[in-house]
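Presented sequentially are two complexes of subunit A, the first with subunit B as partner and the second with subunit C.
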Partner chain A sequence: MIRILVIARTVWIETIRRKDLYVLITLLLAFLLALMTLNVFGLRNLVSYIKEAGLLLAWVFAWILTIGVSVRQLPQEEKTGTIFSLLAKPVKRSELIIGKWLGAWGIAGASTIIFYILLAGIVRARGGNFNLALTVEAWILHFCFMGILSAMGILFSTRMNSDAAATLTGVLSAVAFMLLPQVPQLAEDLSGWRKESLFIIYYALPHFELFDLRQRLVHDWETMSWEPFIMIVFYGLLMSAVFLMLGWLAYRKKRFNRDVF
Partner chain B sequence: MATAIEIRDLTVEFRTGPEVCASLNFRAGGKVVTALQKLNLNVAQGEVYGFIGPNGAGKTTTMHVLLGFIEAVSGTAAIYGEDVCRSIARRRIGYMPENPQMYSFLTGHELLIMAGQLFGMRGCRLAAKADELIELFGLSDAADRKIAGYSRGMMQRIALAQALINDPDLIILDEPTSGFDPIGRIEIRKIIAGLRSAGKTVFFSSHELSEVERVCDRVGIIAKGRLIADGHISQLVKAGETLEQYFVRILT
Partner chain C sequence: MWRGEGGAKTLYARCFTSDASRNSVRRTLLIVFVLWGFAFALACRLLSMPDQQKRNDESFADKMLGGIRYEISGELYEHADSVFHKGVGHAPKESVPDWFAKMRRQVAPRGHAHLHHEGTLEIMPWLYFSTRADPGNVTAYAVAAYWLAREAGRLDLAEGVLNEALRNNPSDYRVYMEKGNLAMKEGKYKKAARFLDAAYLRLSGTNNMDEVYPPAAAPETTRDKDQVRIDRAEILVYRGLLYEMQGSPDNALRCYREIVKIFPGRVNLKERMIELEKNGRSPTPPEKLAETLLFPRRYVCAEDEDE
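Here is the complex of A and B:
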């Protein structure tokens, strides 16, 4: 366990010392400040618009950050050659995969706390408010979403370079997020193997829409009851574990040899 | 005497086909090249063993098998009796790669602490060992600077320091003197001599045959994946012959 945490901490240190995170936070702050000064046609329910736009930005930036951090971990180790010093220690490949995932997930999760706090500050400045319990629920589910996303990124980066892994993770997650909820409706008009294949995709890809409580936050609805909430959290952890397991299977026999042929 | 490294009939193959899809690291076609052919090698505890050979002979590949980076097609390799495929085999190893690259975003001190923690070290013992190595390698002034700003020689030093953080019984060094100036080489020789007197096993590859001749108890010469000579230098070379002359003679 200690080795996993050491690897994860190295990911955190690297991300904090790089400038990417600060660029995203500054961009978000700039967008939120722009939202704060917004007063389009004297709209009455402006706070809801600020919440909705701010949460969308927080999700998009978290999505970019999670993919960006997770997909570069393993390819970068191989490209720079630091993998040789790392794997020469008594580190198992599974520990490396989990450590990298934990690092990417942790830093992305921590940065979304900053995003949410900034957004809450802007909303409060415009006279609105967030329901604290619901915000915590929304953040936990958002955090679980990032867990699956970073596990997907790690999986694809075991056998691809970071650009290819980022593209595939980005496309698959976007498709899962936006199109998957429409699949049952689409399948109604189909039959036979087409319908079956559509449902295979439906059940194989993660249902990211389950982790999205933005509408509840925007409209100040009630908190989720704890049974479905726990089930969704469990589903998130399970999907992350599945992707990490696949990543380990792809990585455990991978050969590392430099400058030989 | 205990056996530090034991290699039996080790064969390693690589596919050399063109990269069909660079982003997928996928190779197809081409031919299979045998990098190591039924290699047999024993290194006893406390020996300084020089592993030499021309470029592409299989020196680095042998080291990479010992470190678990690549798996052999057939044969076995063990370190202190542990199969090299198991991570536990690396608990007693220190390794410095050729042209080492370390995490550029860490400071030298942070790197040593991280390396020690990966070996399960912690607390005062780890901090004291890190400070001792920083002192030993003359990095005291640079210890709190990011590695990104290190010169090549400093990078070699910190790489060697991290290889020694766990006080390993077996130290594997791939071209350890390649980035050093003459004074640095003398220091490395002294360090290897110190490791030998402390009863450590050193397994290192080098193209600097005069270096090998000075520090090694035994040498192995590898060519085209086969071990073509193995023994004490005094047993291998003729009277009045240097290791370099012997090396050229045996390879031609």
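Here is the complex of A and C:
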């Protein structure tokens, strides 16, 4: 367990040293400040569009950051050759994968807290409201979403370089988020093997839309009931575990070529 | 000259000691020069355009988005409707009642709810973006003006919105119709009459004025044709009321007869016509009826009507 936490800590330190996070925070601030200066038909002090745009940006930036951090961990270690000293420590490959995932997940989650705090501050300054309980609920589900996403990134990076892994993770996650909820309606007009294939994809890919509480947060609805909330969190952890397991299976027998370095 | 001492020598050693380094530096310099040239040409072009030419050019939305801006404008308008219903969209019925569908229902807000009073103004930014994406989206302008006048009580802002709609859509009857309605709300009856007359002239198939005032877009769909009939009736009923206020019952009757031709089932209107023909006026004063029509107590949503 200590080894896992140490690996996670190195991921944290490396990400904090890079500029990605600060660029995203600056971009978020710039977008929100630009939105605040809009003169909407002569009206001022409108807030919900800032909340909505801010939450969308927080999700997009968290998505970019999570994929960017997770997919480069293993390829970077292999490219620089530090994988050999790491595995000779000895660190098991499963510990390496879990440590890298925990680090990527943790830093993405912490960054999202910063995004949410910035947004809440701007909304409050504008006279708006952020329901604290609902915000915490929304962040927890968002955190679970990032867990699955970083596990996907780690899985693909076990056998691909970081660019290919990032592309595949990005495309799959975007497709899953946007199209999976429409699959039952799309499948109504199909039959036979096409319908079966569509439902295989529907049940195989993770359902990211379950982790999206933005509409509740923007329009100040009440919090979710705790039963479905717990079930969705459990589903998120389960999907993360599945992807990590697949990643370990893909990585445990992988041979590293010294001559490449 | 590069064979100097200290930093210059180091710079030379770093940059020019190999063919690969030299080529790389040359390539970088070439790219920078091309980019600079492009930026300079673009700056000259932008700064040298006279104001008149700039005004006649396509809008920014046209240049950046092309034809897709109409779709984007429509989506933004739909989103304003979703915001009005507190984030509850027109979600299709789940055809596969599995665990995921059940969880989706728990996650997404449900129920039929509206924003009220000043909260309604939260839809304005989306209507604003919709009009920026497509300045020809008169519906977005009209809805914005309606809610600004109704919930915010800002008739001045509503007028500003409609003035902008008029600048961008000078031949669309709907803008004149909304301006006429707004003027009636303000109590400016002469101004209202002028705008309602202008709206009526711009309706397609009216008084052979299509050549002088060509309709903004020929109604292609059944829904558009139905809406034009409803709008024609609305223009005529307000114009009829204005004629009554001016003491011209005959002109008012002319308007009402045309409405009855379009919608023969309007019983209340037929009763009013009978009173006007018999007594020259109706028991319900035209001002009171106009107020009832222009300021309904409750906003009726399409979903309310279905229920």
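Convention: the second predicted complex is superposed on the first by the 255 of 261 C-alpha atoms of A that agree within 3 Å, B and C clash if a C-alpha of one lies under 4 Å from a C-alpha of the other, contacts with A are read in each partner's own complex, and residues count from 1 in each chain.
Here is the rule we go by: a residue touches a chain if its C-beta (ideal position, glycine included) is under 8 Å from a C-beta of that chain, and two chains touch if they have at least 3 such contacts.
Computed from a predicted model, the values in this text were never measured in an experiment.
Visitor: Let me test your reading of the model: by the given contact rule, A:Thr37 touches which partner, first (subunit B), second (subunit C), both or neither?
Guide: A:Thr37 contacts neither subunit B nor subunit C.
Visitor: Who does A:Gln215 touch here: subunit B (first), subunit C (second), both, or neither?
Guide: In the superposed model, A:Gln215 contacts subunit C only, not subunit B.
Visitor: So, does A:Ser191 touch the first partner subunit B, the second partner subunit C, both, or neither?
Guide: A:Ser191: touches no partner chain.
Visitor: Answer with first, second, both or neither: which of subunit B and subunit C does A:Met231 touch in the superposed model?
Guide: second
Visitor: Kindly classify A:Leu46 by the partners it touches after superposition: subunit B alone (first), subunit C alone (second), both, or neither?
Guide: The second partner, subunit C, only.
Visitor: According to the stated criteria, A:Val6 is in contact with first (subunit B), second (subunit C), both, or neither; which is it?
Guide: A:Val6 contacts subunit B only, not subunit C.
Visitor: Just to be sure I follow: which residues of subunit A are touched by subunit B in one complex and then by subunit C in the other one?
Guide: Common interface on subunit A, subunit B vs subunit C: nothing in common.
Visitor: Mind listing the subunit C positions that touch subunit A in their complex?
Guide: Contacts found on subunit C: 83, 86-87, 92, 94-96, 100-104, 106-109, 121-122, 124-128, 144, 148, 152, 154, 156-157, 160-161.
Visitor: Hey, which residues of subunit A end up touching subunit B in the complex?
Guide: These residues of subunit A touch subunit B: 2-3, 6, 9-10, 13-14, 17-18, 80-82, 84-92, 159-161, 163-164, 253, 255-261.
Visitor: Considering the complex alone, what residue numbers of subunit A touch subunit C?
Guide: 38, 40-43, 46-49, 52, 181, 184-185, 187-188, 207, 209-210, 212-213, 215-216, 218-219, 221, 224-225, 228, 231-232, 235
Visitor: Quick one: which bits of subunit B touch subunit A in the complex? Just the residue numbers, please.
Guide: Touch list, subunit B to subunit A: 14, 16, 22-25, 33, 35, 56, 60-61, 64, 67-71, 87-91, 93, 95-106, 110, 114-115, 117-120, 122, 159, 162-163, 172.
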